[in-house]
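Structures incoming, each one as structure tokens.
Next come two complexes built around subunit A: one with subunit B, the other with subunit C.
Presenting the complex of A and B:
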């Protein structure tokens, strides 16, 4: 059977080259699509991670379309768990009660209602009674809700009174009742006391210690992450690639000195250097970018230098030299284009690393002003509440991980697709 | 150190020459790193004194402090003074707070970091070798994909997040492990410190209660650091074992009827380990960067936490010294790893 794009070869190096040549003839998109059968699971890794990267980019570019709330504004109660409704005043009735809501109290008689002293419960009950009365009046009925409010010291007394039948109903905060409901099996909640409160929203990932929406902050944090990741990677690319080209091409003492410097920086724990740099420069997003960019210059330098060293010996460079091309031309027109593909793949992994380092720096409280919606900062601020609010330390870290994972897997998958020979490793 | 001298004296001529060359190459590396640190902290925009004192300090106070720290001298003089400090390990007194000699404070912090990174490396390396070989043997099977996914995921995890999650589950929810620190406050008072490596100290003094407390405190930080590093080792081992399994001598071994398990573990893994060991030297950077974050999460009083504390108290002399000590530490570890490697693999030459 002939080896065609539709019939990928069995994995043997002989077929591999033929198939590679076939692949060269089609465009990138078709190449990636057709590669699917041969690459199997790897193809899925790349596709899924690319989709994640695209989604992340879209969110980072226009967070305002995705975030429901202002990331800096207090939009709900503090430390509300994911999906939990904010506490509201609810009506508590015995199971066999003839009433279902405050509207049913409109009988003209005084209805005894039990509440706890010094809570908003009594006011909520009165407001709702007035609202029902007005509504009835507007509908042409003169039936009024008249409440006789009885105040007690503890929520337990309130519920006891309702159980004993001394009060028709009780009103209290839903969060208080939740803790006591087990002790009063004959009582049940008739829902929020007013219809306005029934619309109270929950937050899918909860709220933080100042009542900000965790999800909205995560969405805006994507923008910071992408700015740091891309800017740092681009700066180190722009500095590292020419340095590598020059060192590899020039050779000799220049090369040896620069390589020594670059290797020293490369061997040093990047985060510690970045900590030192941001500590001196002071907190700002620009400084954090500079600090991270410095770390990744050696990564580009090393790869480009290595590639330049081998490309320098190639025949086409020899040929260019013999027809009288100047050094600058050889570098920019012959060597540079051949170095680019391997650098482009590193770029993706590099963005991932930069995001990870950036999150680490802001987690340590360096680099960004503390109110910024940033994943590292959110984690650092959330760790104080580790005992009471698990969601504060769970989701920002998950966001960092997903983004880094997407960029890393995309980069590695691209290596395999662009460079099938590596697969045998 | 003793082992190094022993290796040096007993080794062959070539080995001795290699070790000498390697040491000679370490010195410029330390010099460059220390210079980079100096450059970053002094030459970059941003003024050490005003960020220490705040903008309101009077000119007189400023001048006094500049003089005390030697900042009024020309940059070149400052540079050589700093190099001298690094060589003699005398960094002066801490600028803020206790005003103790910085080298004393670092002497307490460095053992804590060492106590953290040694078990972490052991965890990372053993997990890496085990899972890497397993994935290589089951290449392209679900186990392989699962383990590869594990290594990518663990690599992508922010280490401080992993630490926080482990802390949430094991310290807060299950209450199995202490939440932070190196040792219980009460046990701490009973422990006589000699090396500041608390495991060693408690064994020397026979204080078993302290040993238990120290070990329990060690679990989460070392597991956090070890897990994050293990991802790299899984990948490396996998690739190298796959390559080795394709060698002719493996086929020969199989042809002779040697059991597959023996082929994998005693033939392939042994040879695949050589490149993995080399990489340990390169992982030192990741290990120490991870240690800084791990120490912060678990309030571990090591070098990394000292660095972060001193930055927030704006004690730049201490920051500069700490980073310089980190640089020497990195250079020393990679020197040691390379020498061990050259003893293991006789093919290494310079």
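Presenting the complex of A and C:
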């Protein structure tokens, strides 16, 4: 008997699997909660994508709580690789030097210091000298650090000068000295002198060519993405759905004319149409949104019209007419609620598409001012450093990809939850 | 006369409502419904005249595609493009519905004419609860009725139709086919419609539920003083509860009369064939009668009598001249040269 229960005859038309029978009995919230049980190994698909979408939304709504730096400010050295320590300026002294640190220079005399031209070294040395002087002043001492800065063309010259004793000490970046330390065995590092509050986690994704933090710009870019994505999807929804309902319900010439227009828009390559619209309207975030919205109106129109066409032939619509319901009531109470679930799923996929198109438009330099923290703009600005600074285009690209993937996956997952019959068995 | 014993044996005795010359509720005159298709104009209903009397259950039978359902929809003026009513008169309770405005038609639908559809599985909005269907129907027509009052009426009605009141908040998919058909009846009765068109209401039901449903129709007819047009191809159902029977073939009315006359003294060869096609449990003869041929194309119907290509008794005149619909017995009429030949000769 047990075998019969486990293997019910597959040809039985009314047979529902156990999970489907359970599904009939519970509401939407429990369906989602029980997704793991019903969807077997697929449950993580929905869960992960939903978590990603939620995380994206939270970050996009309140970027100021997540971004460490001002996305527009120069907050660090230029073109710092992800995880790389900002170059430390170190003090280099001969092994037998009477000094150990910059504080020891506070003798009132001018101390000759060698640095390389056009590096932050001289500034770092001065800053450190000023700091020591202020410290001494605060402690009641009037001893000042006075530096005599000598500039040279190469790091080698700087170190040669120190070895020769023409300068008391040298200042240069730790990474440069590391490469030369073997050739100058009599010199040693006396530690960092830059007032370095930066550590390895300062710029986890590196900095760009003007010293902006890549991560902070990504986080603020999420806000632009969400504004463009949702506004465009909502506008196309609000316009496309009623048009589809009307065309499908009215039929005849209205339907044919509107379908012709919509199909023409649909047939046009999306990005090119968006470029044309933005070019005509002029660059602004609002115009980008309008251009993308126009692009996606036909998507809603086509789906809603198709669903309306089939829904209006349903017997319950005819039954509604047989009890004297008006056309408006039939549309709003009978057809619209039966059409909307399929559209809700398209919405999620559409937000993803709009974000992608928005990034594409700003990549091409249409729409937003070039300094805006936007993923497309970051990609465009990073492309000239594609050989030397891979992180400039990798992370904005990854951000676009992950967000689009998350929204699409969530949409697909929702299809299965709303409409389990679509599942492949 | 090859009549079937079984349905006739179950005919109800003529009741008080089996009115010989009752008041006419719905008078149909020369009703013609055409569908414009690519192949040409399909005359789904061709000059059908029929008087439906107050309080009767009139059965409308015929093969699939003979225009039964189109006739039913035309009576509510619910023919949608590409179809349209291209001629005839529809007089409902003295009112010419062909002249009625759309607004007036909406008032009549539900309020005075109700409809029960073939497929109970899809005739209710899957996203609305049963109670919503009922209260919405009531409030569409009587906007002054409060929600509580509408619910009250709905509950009484549902209880009367034998459905537990607590089920009223359920959704249609939680109902069985028979229960949904009863809800469809309830929708018609919610506003006390006096004329109900039941378009193959029992096709999707099993025989036991079907018998219950037909019994319910009979009870409701007496209780609510209903007039019912029962469209079906189930001859048994018609024989069981109808007062009169109308037989349609290829868009034309071919025979009309009291149920016992049509089943007992069947006149038209098509009606005879239809009755013989019903399997009879009492007869051991296993060879089921099968009518030759199939219904004609309604784009190019055969000239003369539309049944002549399949008719075993076809004569020359049948191929050229269309027979008139003439009385052959006090209450019975048919459109066939077999019975009007004498008149034709006169």
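Rule of thumb we're sticking to: the second predicted complex is superposed on the first by the 299 of 425 C-alpha atoms of A that agree within 3 Å, B and C clash if a C-alpha of one lies under 4 Å from a C-alpha of the other, contacts with A are read in each partner's own complex, and residues count from 1 in each chain.
By our rule, contacts are C-beta pairs under 8 Å (C-beta built on N, C-alpha and C of every residue); 3 or more make two chains touch, one makes a residue touch a chain.
Since the structure is predicted, the reported quantities are computational estimates derived from the model, not experimental observations.
Superposition model on subunit A: subunit B and subunit C are shown accommodated side by side without a clash. Within the superposed three-chain model, A:314 lies in touch with subunit C and out of touch with subunit B [touch as defined at top].
With both structures placed on the common chain, the touch criterion links A:405 to subunit B but leaves subunit C unconnected. Counting the residues of subunit A touched by each of subunit B and subunit C gives the higher count for B. In the superposed model, A:338 lies in contact with subunit C only, and not with subunit B. Of the two partner chains placed by the overlay, neither subunit B nor subunit C lies in contact with A:328.
By the document's definition of touching, neither partner reaches A:253: not subunit B, not subunit C.
Contact with subunit B, but none with subunit C, is seen for A:379 once the two complexes are overlaid on the shared chain.
Here's the short version: in the overlay, subunit B gets within 13 Å of subunit C at its closest Cα pair. Interface of subunit A with subunit C (complex): residues 24, 251-252, 314-316, 318-326, 329, 333-334, 337-338. Partner subunit A is touched in their complex by these residues of subunit C: 76, 78, 81, 106-111, 114-115, 117-119, 122-128, 136-137, 140-141, 173, 184, 187-188, 191. Contacts from subunit B toward subunit A in the complex involve residues 28-29, 32-33, 36-37, 40-41, 44-46, 48, 51, 140, 145, 152-153, 155-162, 164-165, 167-168, 172, 239, 242-243, 282, 284-289, 292-293, 296-297, 304, 307-308, 311-312, 316, 319-320, 323, 326-327, 330-331, 334. Across the complex, subunit A meets subunit B through its residues 40-41, 260-261, 263-273, 275-277, 279-282, 352, 356, 359-360, 363-366, 376, 379, 383, 386-387, 390, 393-394, 396-398, 400-401, 404-405, 408-409, 412, 425.
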